[in-house]
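Labels for the chains are A, B, C, D, E and F, by order of writing; each one numbers its residues from 1.
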Amino acid sequence: MSGNTAWVLMSAALVMLMTPGLALFYGGMTRAKGVLNMMMMSFAALAIVSVLWVIYGYSITFGESDSQLFGSFDHIGLHGLNGAAVLSFVAFQLMFAIITPALISGAVADRAKFIGWCVFVVLWVSLIYFPVANWVFDFGADGALGDDAGWIVAWGVQDFAGGTAVHVNAGAAALALALVLGKRLGWKRDPMRPHNLPLVLLGAALLWFGWFGFNAGSALAANGLAATAFINTQAAASAAIIGWLVVEQVRDGRPTSLGAASGAVAGLVAITPACAFVSPLGAVLLGVLAGALCALAVGLKWRFGFDDSLDVVGVHLVGGAFGSIALGFLSLEGGLLYEGRDIALLGKQTVAVLAVGTFSFVGAFIIGKAIDMTIGFRLDEDSEVEGIDLNEHAESGYDLTAATRGHRGLPGTPPVGAPEPQDARHDAGDKGSVNA
Amino acid sequence: MKLVTAVVKPHKWEDVREALETFGITGITVTEASGFGRQKGHTEVYRGAEYDVALVPKMRLEVVVDDEDAGDVVGVIAKAAQTGKIGDGKVWVSPVDTVVRVRTGEEGTAAL
Amino acid sequence: MSGNTAWVLMSAALVMLMTPGLALFYGGMTRAKGVLNMMMMSFAALAIVSVLWVIYGYSITFGESDSQLFGSFDHIGLHGLNGAAVLSFVAFQLMFAIITPALISGAVADRAKFIGWCVFVVLWVSLIYFPVANWVFDFGADGALGDDAGWIVAWGVQDFAGGTAVHVNAGAAALALALVLGKRLGWKRDPMRPHNLPLVLLGAALLWFGWFGFNAGSALAANGLAATAFINTQAAASAAIIGWLVVEQVRDGRPTSLGAASGAVAGLVAITPACAFVSPLGAVLLGVLAGALCALAVGLKWRFGFDDSLDVVGVHLVGGAFGSIALGFLSLEGGLLYEGRDIALLGKQTVAVLAVGTFSFVGAFIIGKAIDMTIGFRLDEDSEVEGIDLNEHAESGYDLTAATRGHRGLPGTPPVGAPEPQDARHDAGDKGSVNA
Amino acid sequence: MSGNTAWVLMSAALVMLMTPGLALFYGGMTRAKGVLNMMMMSFAALAIVSVLWVIYGYSITFGESDSQLFGSFDHIGLHGLNGAAVLSFVAFQLMFAIITPALISGAVADRAKFIGWCVFVVLWVSLIYFPVANWVFDFGADGALGDDAGWIVAWGVQDFAGGTAVHVNAGAAALALALVLGKRLGWKRDPMRPHNLPLVLLGAALLWFGWFGFNAGSALAANGLAATAFINTQAAASAAIIGWLVVEQVRDGRPTSLGAASGAVAGLVAITPACAFVSPLGAVLLGVLAGALCALAVGLKWRFGFDDSLDVVGVHLVGGAFGSIALGFLSLEGGLLYEGRDIALLGKQTVAVLAVGTFSFVGAFIIGKAIDMTIGFRLDEDSEVEGIDLNEHAESGYDLTAATRGHRGLPGTPPVGAPEPQDARHDAGDKGSVNA
Amino acid sequence: MKLVTAVVKPHKWEDVREALETFGITGITVTEASGFGRQKGHTEVYRGAEYDVALVPKMRLEVVVDDEDAGDVVGVIAKAAQTGKIGDGKVWVSPVDTVVRVRTGEEGTAAL
Amino acid sequence: MKLVTAVVKPHKWEDVREALETFGITGITVTEASGFGRQKGHTEVYRGAEYDVALVPKMRLEVVVDDEDAGDVVGVIAKAAQTGKIGDGKVWVSPVDTVVRVRTGEEGTAAL
């Protein structure tokens, strides 16, 4: 009992950490002039979705209802919820609702007005994510998968931790938003290489760490199922690194650290729906294929000409869809490669991917367009060239010039809000008033 | 020989390089610099305290050329670096007595 | 049983991580020339307090005694303590004793002699923190809040996880130390902007993550109370980001990433005493107000002219006091906004804040002055200008010059301690002895 | 029950995080031109060992067998393993198998071919680590330490969490590899100072955090033993910081942040075998001595002329051997300083250290030589001078030039794979197709 | 025209800029530099190994001015940058043939 | 007076400094620079997209010397910086009217 609560709460904390991990993963991949805005998009998701969740999000997702499409208004303000099991579930599921919109931000690096992004998060999470989470994660009264459960899970689709609800969902929305916002200035011409790869690797590591909560925590208990999900998660992430790096070695002649980080994430995405349904060797296979597939898929944007800046489509949409559909083959419960095979499973998995993907793409496209046509979504050109951090946040990420030096790197005037300017302007006299 | 020094907007550097290459220049030395001039810097805000950053990032180019090429090179750079907006930068020419290629010890025009 | 132990130990690990998180949060906010010293102040707290805790800290804080002011010497060297519940409590509470002095360091960026800081930590934690922790966290024999419990908790003050003992305590000491040490050279004149904001955001994220252990772990069991504290923690941190950013948008025209990080911390501070006593909507309200209030409070130092360098006063003293006192209104158990209201609660909360704040301020001031007058606390001017990292630690934070380059950025002579200088000094001959 | 599973799974997640923590710790310590390769060596260990573990690693380590030297082939593909206890143990022990080879990488900074490293990991973990892990961690059927248990543990050697199997093992292999690969070009002549010390401190913090899982998790239950291990871990790490810094203060005149980070790791290494066998005061003593000892030991490489680049020998071999042997004195169960003293313990501890150290050194030397003589292990000179990141991974760690700037720092040509080059090459016309 | 190049202590740069502005100079190009000279560098210690860093951080300023102003500008800079301690830096003047403002193509004094 | 400007490979900088010190030079100003020339840059690959980096890191040295020393200093630098491989760099000499030591106000040779 208390062990399960400890596990779910701990998992919730781990999944919370994934969003800042994502912020680092994405932030390191942008150019230095956009690192803060990139990170802020994740922090905005964290702030906004948490508040919405408490107010109405949980209720419209998991509130008791006869509908298979959404919840109810019974738990506005988390009213009427009690007990460790329910409350830890509330906390756990909140973290999923946070990271899903945050994932989308990778598609719109360096060019989305911050206020536009905030409005997008409010609308997309309310209109798209909360319903889809109901479809996939609402097991109905007593977890009985009855008529009140979400249609996807009730129909028998296998999605243990959110391959459809989280990754396909976010990936499809990312594609829509990349189209709505258009390309970064200088796309394809300028090098837009990651400015801080150690940050990317750190972000990937925190994502991986948090993903144990995401996947193994989805067992909602500290049991053998959780341990199975845990091992499969580790196996797939690792195998996907190998898959991705082999593709790089063959294609580009060099295995890269960005490839390792990306491969790990691709494997984690692909194993998300599958982690409780496959064998460890199945997880290895799934991982290595996912890594290789996504390594190839990130090239699609060059071919089709959409600026999915940090490859949300190539990793999350492709990886999530692959993991979900591959269950049709690899699932120990109905996969075509095993006894007890059930061709219907493959069909259901595919339908679920298509349903969620389409719903999310269309919804995100409409929401994005609506924002663009009203308050404006795309940053003006000059601000984009000068840097979104300076113009949307009046900050710059780094000031390292003084690293080994005893001076200020960039000169400036006194900060505003300083009522009596120091009288002594010259070095000699200016010790500040020690022991004031 | 002449030394042509140019201070240009960073995002024009690539255009300048291409123009110089087309013109036939084979070597350039570049430093990252900051400029103070008519072009304004920007303001950052940290916990409500504003900081005015007066300097603007620039690229600083040096090209050693034969006397006769100096004028043309100035023109090529000025053309390629121009956006027409404040802060486009300066190009100046100064005399050089001699230049040596380290690798070979060649001097003068042969060293370029 | 084992679930509770797992939860408390895990929470202890999380709270341990908060201190390095704080080191990053603070370290990124200083100038590059002081990042290491800033981080070292936190690591010094980690090292020193852990050792003191084992030797006598736990004993004088929680040792059985009839006093309501401190513990006893019964458990020197942790002698005589047994069982998972007690030992995990020992570990958990240690982490609180570490982070509280570490919090103070933000007030004295770039100008405190390291040895002075170390002595300060020893004295302040022994003379101020351990007693105050007794007042607030010692529930007495069997947790019965009897005559042997700390006077604050026994009196009925509500402080679930340390709003007074940790945040008001640290914030008041920070103010004292900022006064004792005086202003940094060039304060108000020079830009002293954060040198590495991604580090600040990472630090804030680790603090947030660890804070789940801090707050929800304070339930000392994996139960509904822990889950409630968990949700409220998340809600308040998130709402406070919104509160802070709205103030920035209105006042400065731009929401900043430093503001988001600061807002999160402000919200976490304010919810610390309150997390088990308010409703989720109450937590949102508390958070949004705390964020806005602290965003305004960080301006006080400009007005009153004390160099609280990284705003420990504005965030921890103000936020901690606000959260504690606001319980007088928002507590479900006696708050004025709810049935069962009890005006006495508001009074008690206020008295507790004032008592802890005054005790800590006076104590820190005396200790700080004593250090300054004996071994000296303030760095000499030249060292401060050149950089405290170089002068106190003989290090510099970064050497990135060689990033994309194949050479050493700064030339140097051979390291001392190399008995036989390499004979081959020139490139050609110097392959080192491969396969030596 | 579920509490134990929660604790072991959570511990497994913590130990997983140690390897990326190590990547940061090591990565920050190299020069900027080698940070990615250094981190990649850890990520390669993560990827490779996980896959091997699933396929045959667990089986040959822990598979039922009558041998005291290795396991069996009964659990290929983790076949036939069930239940939360076993599966969480599988996950937990995997993480140990990952970090041990990763530790070795610190000895070969900046000069090992990546493919050579990958092959080394495969061979060393299979031929050296898996057997040694059997010797130390295999308690036999029902944990009865019968004839089927590993010989070291069955013989009565005390090694709670892997002082021999992990640290002595890795440290001895590191020495072998440093000899096989030879010195970095310019060693002793060029300054090879850490390029990013905040990263080093962050890495040390993540290692510390994860080490709670490593040590306290080794209790395999959330009980008093785990809590004891937890407290001792914290005490030793902290005391070792003090030990290391005091040596630095006396010898160099300055306590450094690198010293603090190194001291913490040294203390954690030394307490690893001992954490469940010593008293808290014993842990403090062990820590302070380990810190001081390792601070001195890292100078050995200058004297003996081997380029153990990041001091794996000085910290892990020395620290691990010291912690293991010191148990002969400090163990509450047989140590010479306590009643019930048993001189045999000291002997056994020493033999275990020597056995593991010798086995690992010889094995690693042979494997390293074999790789060097076949596919080549050492990078060519030009690549090493220009930088291993560029040459082995076609990447560079940082591109910060544009930090506060609105331009690209280094010019480049359009990325390959862009089929139709943008026609508009000049700024004016190139907005990309917004709303494409 | 003349080019005045100055190497000064970083924390005096702001004073120099102000003095030049007061004098009437409207443009400066700045680069971060390191100096080797009488002023000593510093020593860092990593795990007991000492590293001597010989170079000292400096700011390097370039100002193109009319011939007649050169002497005054040198004086203004030297005065503002002076602390009297070793390492205050150097100012030197060299001839410039011509200078062009990129934005307008103006030449000579008009380009300043 | 003359200004000797040299662009050399970064890992030769230390050798150049030593050679100059031996020769008797007491001050040098150094900036990190990038060079474009015959020496090739390198290619990086991120998620399959290749980026050609055209610039090569260099160290840029400035030494103000007496007229008579200029030739020798050029020789000393060229010798010390030589590896014989492409990209060794250039050294050029230009005239300087005057040089001032900020600390003392000394001018000319005395200021070096």
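Just so we're on the same page, contacts are C-beta pairs under 8 Å (C-beta built on N, C-alpha and C of every residue); 3 or more make two chains touch, one makes a residue touch a chain.
On a predicted model such as this, the values are computed, not experimentally measured, just so you know.
Hopping across touching chains, the smallest step count from chain A to chain F is 1. When the contact pairs of A-F are matched by residue number against B-C, D-F or C-E, over half are shared only with B-C. Chain B and chain E touch with mostly distinct residues; of the residue numbers seen at this interface, under half occur in both copies. Chain A and chain B, compared by their mean Cα positions, are separated by 43 Å.
Chain centres here are Cα averages; for chain D and chain E they lie 49 Å apart.
Taking the mean of the C-alpha atoms as each chain's centre, chain C and chain D sit 29 Å apart.
Shown for chain E are the residues in touch with two or more other chains, namely 11, 17, 31-32, 34, 44-46, 48-51, 53-55, 83, 94-95.
Each of residues 1-4, 6-7, 10, 191, 193-194, 196, 202, 222, 252, 254, 256, 258, 299, 302, 385-386, 390, 394-401, 404-412, 415, 417-418 in chain C touches at least two other chains. On chain B, the positions that touch chain F within their shared complex are 1, 3, 17, 26-31, 62, 64, 94-103, 105, 111.
On the chain D side of its complex with chain C, the touching residues are 1-4, 6-7, 10, 14, 31-33, 179-198, 201-202, 204-205, 208-209, 212-213, 216, 221-224, 226-228, 230-231, 234-235, 237-239, 241-242, 245, 252-258, 260-261, 263-264, 279-281, 283-284, 299, 302-303, 305-307, 372, 378, 381, 385-387, 390, 396-400, 410.
Residues of chain C that touch chain D in their complex: 1-7, 9-10, 12-13, 16-17, 20-21, 23-24, 27-28, 35-36, 39-40, 43-44, 46-51, 54-55, 77-78, 82-84, 87-88, 90-91, 94, 114, 196, 199, 202, 222, 389, 392-412, 414-415, 417-422, 425, 430-436. Chain B contributes residues 11, 34, 42-46, 48-55 to its touches with chain A in the complex. Looking at the complex, you find that chain E touches chain F at residues 2, 5-8, 31-38, 54-55, 58, 60, 70, 74, 77-78, 81-95.
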